[in-house]
């Protein structure tokens, strides 16, 4: 395990250890429960679901709902399934995460290694910006996007997500770079490295752990966003969450719960994967950055 | 005009002036040590020479060219940092040649330079390792290698030995001195360790509170400290400074110093001008090694005073034995030969080499110049 | 910035580059955050309804706002929710982190299980939660069908308890993340101190209470910031879980603001509630930020 | 500050000039009809337009009975990027028309004679200041009761026609151990029931003065207290698990015979039909007792957003297609509603549909057709939601009936 599993000095007795395992397992069950409900019901035929017993394993296993959710469920007037929206989301998330992470890294670099008067106040303002409730920015943001000719486009959505992500990415990188030795920067300056060379050659190669935290955070938030996606996307750039909402919220007619669950899991798959794959670096990244005083 | 001139230079942060009108001129090949307690401004001054901090007023020149506003990389200087500041993501070789690469030196030349330096510092076998895999001493060598490879006009060292253990520190100290003698480069070296300052330097600037307290050769600094701060900062154990009154005895000025029982002893000055201070209070500075047992008194000295005083504590240190007594109401340390028969609580007869004693004006705390 | 006249262009550029690099972010922040906040505060003094309009009405929207029992409900709910959510997440996160730090065998797997809810939005898990909490088909039904016939769990249908189901789901989502923060904090503590304390005869309990937990202060602070920010922004969760019901029993300021601004065409009142929310956030965060950032200088 | 000033002028600009987005030959349609049946019905429209060489850019945003779509619409209009056509309901249409955002469809309307075939009560929401601004798709009537015929027969209950008969029927069912009323505890469902109940107490005139004219003496009057008392009776006949339930799950309870009645708009019929039930045989549809004369309605329409100062050919084509009798029939058969024009043949409709069309025509003729509060056809959104708040709070036991009536006056006055 790559996370620093240190040699804890704490010793515990056998009974206590058993209890600890029990508690940990119990909570694991608690955390798994909703996912279990979703998975189990996504592989059941609809009549088994409406017949009750949401916790029961399927009597007949079917992967039809998954196929339907992906490629043929009714989203709008076209039975396209979620797949085209999946790619819309990817096209939005990748640049937005990349740009906000790079900007956050540069900001953190400037705020810790190139300090100037009032830099702390500036950082405070950026941090406070994380707290703005998104509901209040919808209308003015729409106007700004319209003025910039980015309304209803993927680039507009990228901009929105970058704007409201910078605060967090800056926070992460600033805390991380704050403990990065300033002497290294000075040594590089004397060696003749410029502003960007220092960043690129000296700081960035050591930024892996915090970049993982920033990417996980941003990826999750942007992928899961619904409000901005619904409000600022055009017909051909609606992200996955909006499509999922259209699938699940359809107001009239039979609710195909199994398809809804399959769709929901599909919509969540990328973020789940990110957590499972990169999660092991996550604690390490937090350790290196955001929980340091 | 020296090789490196620090001319009337000050540094302020906002309204707070932290360095006050510093004037130092360093000749080519000199080894200047800036020494002082932490917060005295020595590192700030070094950073200003390096171009890492701006100069608020005044001028810094290297080879007669002003360095004000010149970027650190364009000053042809190299610096060795306290933490070594090795780039953790690069190999030792890369660390050494990074500066050359940044200055656009072609790769073959870089490799040659790297090999030369590695040979000089005996770190050839480390070139492919990452800094994380090196010991403290090895890192230190690499850091020096990185500075050497640039062949700069001035080397700057910022407390380079403070992270090493005691033994290694002494070894590296010698190593640096050898390098300096071999290469003859100009060095400015910051330390808070007065022994490093004394052993390495050709000249020392003792700094405190943003002022250069004294600038001079190690000997000058040691023997004729400009003031009490310099006197007590340089030397270990520190110089004893005790209150005394000047009296004229037999036409010669003497210092009247109270012993442990309140009785006065007379210590005659070698400096005749102390007669001007007759009847006044002064502070008398006596280095511990100038108070000895009678047998160890400096035979070349023309002015040995004698006194008997009670020993409070003895501290055998192997080569010497330190003895604490009370003089002028202060603890005073004397340095005995290790075989001197001293015993705590007993009275003992001391020889004081008054030729080396200095006197300070108690008001200004500056040395009364003969 | 004192600049020497003889500094060459490249050096000058190097001096200005850091600020140049920071400036796009600052510009974005000024326009898209603070500009919008000012705009929103301004709207709260206007007669805006469907769309922004600029007839000045003074404090009318505020006086209307405070007459709405609905607003009071959402404020009270925010208090209950924030208190319980932050409290439970912190305690649970810390406990799990401590347990997980005992050289647990399947730590990697468990950690991932605890963390994954953070990856899912409530648009994804909302239906599952609704089912689970619904007495007719969820936990109550399952327990009763397993033979525990007296088991009752109908909070989501009960105006007085529904807010606690919101807390439950919110805790489910973020406590794993808080656990990760504390785990990181625990891993950062010097083992020597622990050994020393054990030699001093400290029991495990005392070790944690007196030595370890006090050292986790930075983790506590980070957790507090992240949790309070999430608490204030809680929106999807309520919409997905209860829609603000039963009645208006689980309305929170964010849902209130949204519904007045967008569903009810009373943008002025919505903006007034947003202004009050922002002021509350500022009242909590500014002292915190001030203390945090000052310390680091 | 700068951005705000820009926004101010720019919004004014956007509203007067309008904006251009969809290609000249395409229509972009923002709607929330995403379920299979609805989408199939929309496809009829889409194919029709594509037959005329007009592309269809689909912009579905479901959620909250159109609330989510309205939020998106606001963002789109503010951005100067309004869709060509937007599904709209009642007062939302009037609000947007008053903002000057909608195109004038009078030329199409005159050419096709809409004035003559669309009921006047519906025209109130499609014509603003004498100008047609949207194309009505259908009329839903909301004061329906749906009943499981087997359950009623088994308990000897005939379709009740008065409140007394209704309460007697509820008692009978309760005694038989059947949930008398299937209901979903969501504000709009509570108010849908309230609409019918209030109508049954207040009558058409009282309903109008209370909910349309917002007359405080009626809103807070004794009859309103009586209406709330009846709501309490209904609440007492709903199972405990009603809160937050989706309407279609409540319908399923009636279909499965777990419950006797459900008060719901005509869209509930689709659920019965999907379950293979036959109107008149398996299930009954009748007006809420005491409201047999009246029809409370809501209507889906498509607002045409002003794109260039005048109606574009595509918008005209779309509007014309929506109002064509063939589409009206095809769509409404699927949707469960009745056509927005009264001259469409009822041939394709089932028993309930036929009754709905007849009721609508009769109510329109006798001035008994009135907008539904619950569905935004009686008041603007602010007032509607204020009423929701009170009705829901009362239904969930927060207020007694007298308090509820008093709160109603207060809440409406704040929202006005």
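In this document, chain identifiers A, B, C and D correspond to the written order of the chains, with residue numbering beginning at 1 in each.
The rule is simple: a contact is a pair of C-beta atoms (placed from the backbone, for glycine too) under 8 Å apart; a residue touches a chain by one contact, two chains touch by 3 or more.
This is a predicted model, so every value here is computed, not measured.
If you compare A-C with A-B, the chain pair joined by more contacting C-beta pairs is A-C.
Relative to the C-alpha centre of subunit C, the farthest chain centre belongs to B.
Taking each chain's centre as the mean of its C-alpha atoms, subunit B lies 90 Å from subunit D.
Rounded to a whole number, the gap between the C-alpha centres of subunit A and subunit C is 15 angstrom. Once the centre of each chain is set as its mean CA position, subunit A and subunit B turn out to be 56 Å apart. For the pair subunit A and subunit D, the distance between mean C-alpha positions equals 38 Å.
Of all residues in subunit A, those that touch two or more other chains are 138-141, 144, 245, 248.
Residue positions 14, 31, 35-36, 39, 51-52, 262 of subunit C are each in touch with at least two other chains. Listed for subunit B are residues 71, 74, each touching two or more other chains.
Contacting chain pairs in the structure are A-B, A-C, A-D, B-C, C-D.
On the subunit D side of its complex with subunit C, the touching residues are 1-4, 7-8, 11, 15, 64, 67, 70-71, 74, 77-78, 95-96, 99, 185-187, 240-244, 380-382, 384-386, 389, 392-393, 395-398, 407, 410-411, 414-415. Residue ranges of subunit A in contact with subunit C, taken from their complex: 1, 3-12, 17, 20-21, 23-24, 27-28, 30-35, 37-38, 52-55, 103, 106-107, 109-111, 114, 116, 120, 122-141, 144, 162-164, 166-167, 170, 178, 194-196, 220, 224-227, 241, 244-245, 248, 257, 260-261, 264-265, 267-268, 271-272, 274-276, 279-280, 282-284, 286-287, 290-293.
Listing the residues of subunit A that touch subunit D in their complex gives 50, 74-79, 138-147, 151-152, 230-232, 234-236, 238, 242, 245-255. Listing the residues of subunit C that touch subunit B in their complex gives 2-8, 10-11, 14. Residues 54, 56, 66, 68-71, 74 of subunit B touch subunit C in their complex.
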